[in-house]
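One chain, chain A, appears in both complexes that follow, with chain B as partner in the first and chain C in the second.
Up next, the complex of A and B:
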């Protein structure tokens, strides 16, 4: 207890001194210094929307030089890489519950033990604090392979790498050229086949998974590529594929996006990023797509590409410009949403009108209205819709929930009460009601006329009434 | 029992005699009241038929218009019974003047409600 409090005091004092220094430096800031600071800021500008510090955890057996193309590419794009091995205690990925790095690359698929700061729990904490993870696994069972299950990735049993005997080639059966889907939102255009060796994973049904690279249709996971080991595969195939990791529905590289925006990418084999595979010619003798593929995957994982955000939303009565604090049933209301997309080349957020199929819901428990929210022509980044509020009063929500694979999730909720008209806001003098009005008015007029006749007759009457009485 | 066909001479005779006796024996005041009652009845019937056949949409307006006819009818009918000399024995302490004052006050209150409800 006492040691803790001493440490805490030291920390506080240190913090205080740091603040004092900051105050001093800001007090005596000179224009020249300010300019140089600006220049420094521009040079260090992250190309990622969340920051440029990257911690790379490498296996002791592998060296940075094995992945020099990948890492040099990251540094050229403005990232600051810090390297350590899984067992180093320093630098920690998370300290005092605060992530120390914007991104973490875990290229340590062979390590079974990690220092205490890297646990499945701490990685999930990092992810929930918007730190991005790039994780490589291997056929070996490690703590990370058990973490993969939490991301709805089902790994085959340990020691069963992906095997494919097609197409015929001089490499081992576990080193496979994989065709890249040209329409993947994560990747930039169509890429040549990439070399892969490692472990595949099956997907559980989880809407947050973004498959990036799928296994070739002829491939399967097996513990041996020799014919002697084929019996197990044949047996599994006879049982309708039960227990068999095979076919193109398997993933080799898969992204996962959390609701908070953090991204984690799982890679079945770390060699995908290696210099060796980046230079290994494909079967038709061309350069493989590995280098570009690795760069694209890193760009997506580190929130450079496919990053959207909601800048704001507003709503107003159709004839007004400012939001009302309540609307009346059947009012015509305009809802406007502004969306920006992160541009990694300029490191700026730019208005983005390219979203297709965004929907606005006007919800009270159930969506009473669900309709397309289209971009406003001529106003970049703005999506707006004018609609009639339902004939129903209560507390409603403008709700936009846009989730597409490979893109940041957009969510915006605005609560607005919808009230019935005030007593003097109902329509009056309706044309179908004129018979009723005429009836009431004529009754009154007839009443007045009756009174007049009655009173007029009263003075003229006495004799007559007497005479009738005497009858 | 009178025959049911209107065109038969017996019916015509009885109807004519009814009209004649009404014309002869009814006081002009009561005739005035009866005319007013007939008007109210027709007005109410027209509004009801319109409501059934065309629309009851501003229902409050229908209730107000129809209610004004019914209410006025009730008030006028009670005035008629109170000023009818034949009922003198029953309303000993209600003079015709008092009866008319009651009728006028009740009608004014009724019309106040009707116009508030008309919308």
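Up next, the complex of A and C:
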């Protein structure tokens, strides 16, 4: 790091500190504070939004050197990697019900037995505690194979890897160049084809799955290595059940996002991340996309990319600024939601206005109003909507439920009662009531006039009145 | 690996007659080029033909397929049967072979739905496929009114693979597959607007104003009688009666004020305060009036 860049760093961090902690601009910054800034700089190197400690579980047969590009890339991005084999009891992934690592990479597709801390159950627990998982499987049947079914991924029978005769090439039919979809939200732009060998998975209908890499349309899962296996392929398809694993609807790499935000990515073959495949030229002689693909997949899995959060939501009457604790029917109400996106390069949450198609529901049992929540022009990260409260009273909710594949789920619920107008809140002095007002005023005036007349008057015929009285 | 070298060698021996003096290295380079360019043992199909039969066994359409040109789109009814026959052959020698992969791929380009159906091929390369719409196979994807693009995929460990676009196929729309209950949250949902109760209809203001004025007609009568009777009010400003009249008027004003602005508590307070002088003024005014009237007797 050159002198300039250090100075620039300090400047940036100082700026960040000032902004974050609302220090007075007049406060002198002591050298000690500068040191603490440096500490912050070290922490800021962790590019994941959930932490930088990673446990890597490697098969005893494979070594870190097989994946050195992938792991060195992770370390260069600030992750602290800890390696162990599946049978080591230490370090444990979860201790006293507390996850010890922010992320777990399970590159042990060949191991059939694990030490007691890695069980399908403990992996699910980790995921529910927002620890991210990167799991590789292989044609071998392992406990992980059965766990995949819990993620709505259906693996082919053991020993049937993905085979493709297309395109014609000099590698075995199980080592396949796979085109990468350019429009995947998880990946950074369009990548060259990646080398893959492993198993495909069929997807059950589950919207929480994020397909990252799909199989080529001509590929299929088969256990034969000669043309004589043709009948077996047809029979496998006829057998029913899941039928044949074939075609582009199969996944090779698939992410899964839980409602709590934890991410698990399943990879059909661990070789995708290997140095060998990262250097193996593609059919047109270029560098394959494996290295960038692996980095993108890890970045998504470890919650660097596609991470959004709700910073807060408020609501207020259209002519006011503070929230009311209840609204009256037909009020005009403004609802505001603030959203941030995690920026992995600066390790900061930044206001994000790029969400399209977010909707606000105003719900009492059923949504009474559902309409688009648009970004407020000029205010980054703010989405607002002004609407008329329905003329039904009851306990309503402002409900935002935004889910898109590859992005963190945004959910926000605010309860607010809607009441009918109070007795003095109805419209008054309506024109149809004018005759009634006139009548009342007329009567009052007549009463006054009568009283004044009766008190002040002097009888014109006192005699007559006297005589009637005396009669 | 070996199959490529072997096919390369085959390519060399069959299509290229190389001088024996050529060095081994050069031969190898040529071999690689041959792999890239040649389809020495490429797969192809011979005599592809389809037939569409109605449920009453009458033949609706039967046609030889061309591998270069797609026929007009095929349309299948609710219970029609599509029969497809062909022979998988080596392109050059025309000998029937059984490839590893003989798949029919049904692809809906609009929805992206895809189905793959393996076809059984005899060792001689003969293949027959039947699609009965009365009992569609599970491999047929969920369909809409869009055509399915049907292609044939041939793959083999020993031959170059081949893929042919056969035809477009219209089949009756199927039921859409059941969606996951959470699926709806992953796309914008239909907008919902609330239907408000209609505003109350209000009669024209002129009508209200007319009737408001009409309410005052008894005053006309009163004024008429006033001139008729012309009563005298000698005590109107007498110090005994005026306070009571004024406080009564004050009560009327208070009630009017209540209607316009005040709350009940305020009215009770002000009314309570006003009641005390009113009571005294009233007692005095009534006593005076009675004295006046009785005094005349």
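Quick note on the criterion: the second predicted complex is superposed on the first by the 380 of 471 C-alpha atoms of A that agree within 3 Å, B and C clash if a C-alpha of one lies under 4 Å from a C-alpha of the other, contacts with A are read in each partner's own complex, and residues count from 1 in each chain.
Keep in mind that, in the parts below, a contact is a pair of C-beta atoms (placed from the backbone, for glycine too) under 8 Å apart; a residue touches a chain by one contact, two chains touch by 3 or more.
Nothing here was measured: the structure is a model prediction, and the numbers come from that model.
In the superposition on chain A, no contact is made by A:274 with either chain B or chain C.
By the touch criterion defined above, A:426 reaches chain B but does not reach chain C.
In the overlay built on the shared chain, the residue A:52 is in contact with neither chain B nor chain C. Set side by side, chain B and chain C differ in how many residues of chain A they touch, and the one touching more is C.
When the two complexes are overlaid on their common chain A, residue A:405 makes contact with chain C while staying clear of chain B.
With both structures placed on the common chain, the touch criterion links A:368 to chain C but leaves chain B unconnected. Shared-chain residue A:184: touches no atom of chain B or chain C. Of the two partner chains, both chain B and chain C are touched by A:444.
Residues 430, 432-433, 435, 437-439, 442, 444, 446-447, 451, 453, 457 of chain A lie at the contact with chain B in one complex and at the contact with chain C in the other.
Within the complex formed with chain A, the chain B residues making contact are 27-29, 32-33, 36, 39-40, 43-44, 46-47, 50, 54-55, 57-58, 61-62, 64-66, 68-69, 72, 76, 85, 100, 104, 107, 111, 114-115, 118-119.
On chain A, the positions that touch chain C within their shared complex are 163-168, 170, 172-173, 205-208, 217-218, 220, 222, 224-231, 233-234, 237, 240, 243-244, 246-249, 330, 357, 359, 361, 367-372, 388, 390-392, 401-405, 430-435, 437-439, 441-442, 444-448, 451-453, 455-460, 462, 466. Touching chain B in their complex are the following residues of chain A: 426, 428, 430, 432-433, 435-440, 442-444, 446-447, 450-451, 453-454, 457, 461, 464-465, 468-469. Residues of chain C touching chain A in their complex: 1, 4, 35, 97-103, 105, 107, 113-121, 138-139, 153, 155-158, 160-161, 163, 177-180, 182-183, 185-194, 196-197, 202-203, 205, 208-209, 211-216, 218-219, 222, 229, 231-238, 241, 244-245, 248-249, 252, 255-256, 285-286, 289, 293, 296-297.
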